[in-house]
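Worksheet: one structure, shown below.
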């Protein structure tokens, strides 16, 4: 932050960073979102030290204990316990690890794949482009969650399958975006200059074109991140994602479902944390879009 | 009684860095059947003043005026319903970009019909007849076919003709044309101006022509207002304006005309641009670009002399009809004005 | 116009072929021998194995198998369910109206609330009402709808006892399916109470399923209205002396709708994805729940058939959206 307060010369990375920060921090929502997500990340990283209990520990003497503000609640289990006596707060804290890391992996996989395919399609055009866009159209023809479910069915339910399935479902958005920006940038002077200077295909694609197409991709990555959290939780909820007893947020909801009449807290908190995380990422994404990409800017 | 009588019109825009005065203290009085022209570069607030009169500015604009009468009715006091009866019906306006001024989703006929229905009514059949008649009046070939066209199927010139047809459809008494030819090809420009003047004469309506082109002024108007940075700097009958411009800005605009620059290799230009929100000079707003500028101009804002029929907003008006002082000399009256205690700081 | 539709249709052919290949590959991609997988843990005699292999044609070359699959598809034959042994196509279409009815109500809910909310937010730009609408729609957009459904059930069915928890209609009524739409069938049967019961059962699932589309529609309407309100032709409309209402609802909205309709069309795929979750929560007997059941029962022919048919539906809806786009946007039509 100290680096940002000192003015930097235009054109330098520091200047770009400073002007980005100025636009980004102009939106209060974006800042709140970023701080919240940073907190969740820290909590996830420090889970073993932050969580009051072992997330798998079953306290048979404390089944479905309500949160602390109820008369029957206690400080021992601040957000109450679930049907087998596990501490909900600890499970939420450990659940953050799964949700964030799986979603981050999803975004990395689909972004890397999408950028590669999109670069190929936009750079070479012709039949390469036709094949890639057609395949992506096919992927888009299936409702995302359904395709993910189908893929999970093939790969057998579990963490890795869920991750791959959701990455595949997100792939077309990155491909389309990269392809569109590459086509837009390809005939600009700096690219032509670089080609005349003798740059090869790979160098042109990854060193010249890609950095100039990154802004919309970063925005899309945040959107994908929030979608991935939702989809992972949905798969977990349907019993097709992370398998119990892993404390994943969606799976926690599924387990708590049959007790929703008697123990609202077991249902409310996992959902609330999903909603808040997704909402904050989306807030941050809106701010990023406004700051990074004037073309995508919505008034 | 004048048809349009405006005094002391000011428009200020709310911006993130405070209020920006786009128009300050503008007066305009137009009689029935008169042709007026408002000239000035982009950013001089010509359009804003007229949009304010029409009530077309967004809510960020703050419009104030000492007097704002149309045919004796106070535009500032009228309810929105009565005001809408005047806007479009009695006083209508055409704009700079004809292609984007027509709604792309409706046919030419539907957009004409809507206007006629709003202000004149009549049966569907009568309105259709009138629309066809109007299209013929503005010189659109094959109106029966064009009436079903969508705006994207028309050229710029055609679109402007449709806009004109729409504007005159309810026989307004005042037509405001905001740079009607700026976006058009040069050959079309003359046709559109001719059309406007012909319609003005035939229908006996008043016409206010906003332009930045002194050439257009020379061909059309009888009276001219010169505006700079939101202020009126000079107001004259067209012939005397061309013969003896009073304000240095007018003189500069005139000398930029190719006809006037004689055999010079390059056209003279006015250095600099109209000041915006953040670079407003002190004193006379024109002083950074004025070739006659003095220290006094930089410090004190001028006001027009009471006895000056041209209302020149300058400390040292040119071509003084009484004194006939050369422009480089200081006229005695101007010096008198310097000592005037009413001079605004 | 006809030409426009035909061109769009022709463009769909490659995607359609791709979808059939994906569905065809589906069973063959399953790890292990598909026959053994389908037989489950019951075990198979060698004769039955050979019989099944011949029945599914797994002993023939892939390209022949694909050809047979395509032929079957064109004749409306997608094989039989392993669980019920009835035709997958019949199973699908007997459940489809339930999903369609739910989706229509959800989309109607989303449009009826989302569109005006977006318009109002745009008109009141920057004021409290705008911020409120933007905030609510962003929350709706971020909503995990499976949780949202549970929350609404807990409150409206649990605490207040206003709405039923699951199903399409009370067990008290038996309605002969005619159209498959419970709301229409009850009216056709002239049973007013049953109709109310059907509506009662629809409300919560429709709200849950409609929440994300509502948020998306409100956001899109707001941003395209803001864009359109700054256009020259809106100024022209005001200069005509039209009422504010007419300027906004006719001149601005008509143009803003062009992009809103596209976005509404894109919601259909999302609706079907959402239907899977919503139907699971509310035990709604539609294709979403059917697909989930098929996946968890490892009823692979049903999953395969469901994938093809749903992709098909999404493609048809997208085509209709393209056509609608052409109808409301004169620049495309001509």
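For clarity, chains are labelled A, B and C in written order, and residue numbers in each chain start from 1.
As a working rule, a residue touches a chain if its C-beta (ideal position, glycine included) is under 8 Å from a C-beta of that chain, and two chains touch if they have at least 3 such contacts.
What you are looking at is a predicted structure, and each value in this text was computed from that prediction instead of being measured.
When chain centres are defined as mean Cα coordinates, B lies farthest from subunit A. For this structure, the chains sharing the highest number of C-beta contacts are A-C. A straight line joining the Cα centres of subunit A and subunit C is 24 Å long.
Subunit B and subunit C, compared by their mean Cα positions, are separated by 55 Å. Subunit A makes touch with subunit C in their complex at residues 134-135, 137-138, 140-147, 149-150, 152-156, 226, 230, 233-234, 237-240, 250, 253, 257, 260-261, 264, 267-268, 270-272, 274-275, 278-279, 281-283, 286, 298-299. Those residues of subunit B whose C-beta lies close enough to touch subunit C in the complex are 54-56, 80, 84-89, 92-93, 95, 97, 100-106, 114-115, 118-119, 150, 152-153, 163, 166.
Interface residues of subunit C facing subunit A in the complex, by the touch rule stated above, are 14-15, 18-19, 21-22, 26, 29-31, 125, 138-139, 141-144, 146-148, 150-151, 153-154, 158, 223, 226-227, 269-270, 272-274, 276-277, 280, 291-292, 295-296, 298, 300, 303, 306-307, 310-311, 314-315. The residues of subunit C lying in touch with subunit B in their complex are 231-233, 235-244, 251, 254-255, 258, 328-331, 334.
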